[in-house]
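Chain lettering (A, B and C) follows the sequence in which the chains are written, and residue indices restart at 1 in each chain.
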Amino acid sequence: MPAMPKLPGMLVGLGVTFRTMVRTLVKGSHTVQYPRVKEAPVPRARGVIALHEENCTSCMLCARECPDWCIYIEGHKYKAPPRRPGGKPRQKNALDRFDIDFALCMYCGICVEVCPFEALFWTPEYEYSEPRIADLLHDKSLLGKWMETVPDFEDYESGSEAKKAQVPR
Amino acid sequence: MSSAILAIELAYWQQTVLRALLGLVAVLLPAGTLVYLFLFKMMSFMQSRLGPMETGPYGSLQLLAEVGKFLQKEDLIPAAADRVVFKLAPFVVLISTFLLVLVIPAGPDLWFIDIDTGIFLALAVSSISVIGILMAGWASASKYSLIGGLRAAGQLVAYELPLVLAVMGVVIQAGTLNVQGIVMAQASGEIFGWGGIGNPFILTQFVGFAIFLIAVQAELTQPPFDMPVAESELVTGYLTEYSGLRFLMFFIGEFATAGIFSALAATMFLGGWYVPGLDPTDNLFNVIGPLVLIGKMVLVAFLIFWFRFTYPRFREDQLQQLAWKFLIPLSLVNIVATGVLKVVF
Amino acid sequence: MTDVSNRNQLAYIAAQASDARVNVEFETEGMTLNLGPQHPATHGTLRVIVKLDGERVLRADPMMGYMHRGYEKLAEVRTYPQVTALVNRIDWLGSFANEVPFILAAEQLMEVEAPPRAQWIRTILFELSRISNVILFLGDMGVQLGAVTPVFFAFRDREFVLNQIEAVTGGRFHPNFDRIGGLKDDIPRGWIEETTGVLGRIRTFCDEMEDLVTGNEIFQARTRGIGVIPPEVGLAYGLSGANIRASGVDWDLRRDGGVGLAHDQVDWKVWTHPDGDSFSRYWVRLQEVREACGIIEQLLGGIPSGPVMAKVPRIIKVPAGEAYVETENPLGVMGYYVVSKGDLVPFRVKIRSASFSNISITPWVLEGTYVPDVVSILASLYFILGDIDR
């Protein structure tokens, strides 16, 4: 056990902290003063889920695949008028209730991924905390309002064969 | 003292009240300044962040907010604790701090006491805090506190010696134990015949200064010597069971002691309230002396806290080895060298 | 077999009973101290019961299970995509690395191979999660030993890595990006350039850590010669990862295993250290971060073009069979033994986590050390509670 520490290594360490201090004083810190300054999250960030109601056919795939069972869907069937005169009325699904309970949601994205009709989208919006847990149940209208915050899909890197999807506006 | 500064003569009880208030200010002011400047701000800047910014401009009132927070906490005493000793421990540590501040002069006429054994008194009363820490560790009736208290006992006693011996060089060079005399010796001294900046003892006593700083770091149980309060091992060591106002007393006591030791180091090594170029007996120093002293104290405290935030902590036996096998022999060599060189030059 | 463990258990209970008398009194013989489960030193809710004689440890027993979340049971009732989402949370610091062995095992059962582009991007994200995990260790070891600044630098520079992971996957901590047959999505434009810039920052951070921590004599005095684990003992206890490489064993599954990651396409080196003490474990991990930066840089330079997902059906039903895949995760060797009966849901998933075996050596290595060294050794072994308890 060395009783006499050599100086150089310890002095270099002092230099590191001193340099960081000077840098913070001169150039500013690495932190931002939230909520005065807000950092913008990346477009793919999983903040909240938005629902494009026109595309939803109440197929219940998202509610079934959710690991937490936090999506509540209720719908009813109705007869829509035939597409052309003389045809038979079509049976369609109407969405009565589509709630996502964000107190349970683990932000895994499985619901958005399995939706065959592209009715669910991720948005980077994250400032929706509530004083009451019950208010974290976002209903159909709120989920529709989140659609306004959905960013367009980004282009892919060169060499990619993936096709960029479109966000229905 | 008061008749020299103020134009009126105060009654003895009025002088006492004034001295008591000033003593309180002298203890709390360094504590508050150091806590804000170094603990909140300097540590944050060294860690690439800004520290408290919301309470007051640039977070300057954060300490007040913390005091308020501690005051409104529940007063918890462990059931198995020795109640009397538990309650007395913070006061013992604070007594040591208040006694220590008495010897430091802030100007040619701004002193609490002016006795011929000032340094001796300072070093003697600084040891009282050891008892307080031991009381805290023992009376808390918790294993963590006990281990912290035992470590503190060994460490603080071991580092008393380098503290005292490092100061001896200064005393030999100044020729007096009187603190005001040491300041005057630096003010009116000369370096090889040039009296421009006096003779701050740091130039000749740099070894003593380094040893003093290390010993002060250990006396305050600051990293790298904070085994008694090793936060990642013992929660907070001997402070574990203290909450609310009692913890605040320890906390303020620690920073006040840091400030006062820095002021003492500034007085002994950097020249105290003296600014080179002016006459030491000038009445101007009664006004700017405290400010100069605080400035030098901040400088020395910067060094202490810089080490605190950079280094990991020593293990207990390595700590003891450092004290007994390295610092004490070095300080003895320093004393011998100072004595010889004082006679030669 | 059973009566040995019964005897041990009885001896333990008897020792505890004899210690129960020695409670708070000032006795220097056999004080029992609980490090944890709530404690600033442990990386989570681990309880280490140490029996002390003064400051020397007579015996140390780690007690885990405070964070058991029942992953293996949960996996029996969740579909494969759902299990992938859950498994992120086992080692939550390097979370993409948890998905990889599971997906590789499922791909083995389905006899499907991910296209090369997917394999390369998978490897890049795997190494990014290694960097993110080990950076935290580099800072955290400082804080366990009392230096408060390195951990802030670690969190600061880790943010950049997490931002890059978020830019691709959408999640900083729980990417949930690996899929059977490839990846969920492709990388966005500009990501390669940004990530190369971030790697420069990580290299600067490694240099800072060398100046601030490994070069510091106090740190060396605290970690050199402390907690020496000879290679045979380490291998016998099942240590893996940087812990065993720090004892001189040249074994790395990225090079020696044969799984579907792209490590064999790039030039890189396995770092070992002959000493086997806490310092060498820190040092090896520091070099591994630098090496991971090198690996990612080479991979970023030559990602093959192509699809990012192989042809797999929409609803995944894995054919019956068993597969075991282990990979070199940031904490050590992590393996998944997947048994499938042809359903949507795996029949049984056994998770071999690295930290579980890493802390099994704790009673052996902590005997006879000082209390401060207990913290230093536990910090250098680097376990994550989620990994131990699952």
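Note that in this section a contact is a pair of C-beta atoms (placed from the backbone, for glycine too) under 8 Å apart; a residue touches a chain by one contact, two chains touch by 3 or more.
Predicted, not measured: the structure shown is a model, and the values here were computed from it.
Q: Once you count every C-beta pair in contact for both, which comes out on top, A-B or A-C?
A: More contacting C-beta pairs are found at A-C.
Q: By mean C-alpha coordinates, which chain is most distant from subunit A?
A: B
Q: What is the distance, in whole Å, between the centres of subunit B and subunit C, each centre taken as the mean of its C-alpha atoms?
A: Taking the mean C-alpha position of each chain, the two centres sit 44 Å apart.
Q: How many Å are there between the centre of subunit A and the centre of subunit B, using C-alpha atoms for each centre?
A: 54
Q: Can you check how far apart subunit A and subunit C are, centre to centre, with Cα atoms defining each centre and the answer in Å?
A: So the centre of subunit A lies 28 Å away from the centre of subunit C.
Q: Do you know which subunit B residues sit against two or more other chains?
A: Where subunit B meets two or more other chains at a single residue, that happens at 46-49, 309-311, 317-318.
Q: Indicate the residues of subunit A shared as contacts by at least two other chains.
A: Within subunit A, residues 1, 5, 10, 13, 16-17, 20, 30 contact more than one other chain.
Q: Provide the list of subunit C residues touching at least two other chains, using ranges where the numbers run on.
A: Subunit C, residues with two or more chain partners: 149, 153, 156, 212-213, 216, 218, 221.
Q: Show which residues of subunit C lie in contact with subunit A when the two form their complex.
A: Residues of subunit C touching subunit A: 78-79, 81-82, 85-86, 117, 149, 153, 156, 159, 163, 166-171, 174, 176, 184-192, 208, 211-213, 215-218, 220-221, 303-308.
Q: Quick check on the complex: what are the subunit C residues that touch subunit B?
A: 24, 26, 31, 33, 35, 39-41, 55, 142-149, 152-153, 156, 212-213, 216, 218-219, 221-222, 370-375
Q: For subunit B, which residues are in contact with subunit A within the complex?
A: Subunit B reaches subunit A through residues 42, 44-50, 53, 306-307, 309-311, 317-318, 321-322, 325-326.
Q: Taking the touch rule as given, give the residues of subunit A at its contact with subunit C in the complex, in rising order.
A: 1-2, 5-6, 9-10, 12-13, 15-17, 20, 30, 41-46, 65, 67, 106-110, 113-114, 122, 154-162
Q: Tell me, which parts of subunit B touch subunit C in their complex?
A: 43, 46-49, 80, 138, 141-144, 146-147, 223-224, 226-227, 230-233, 235, 309-318
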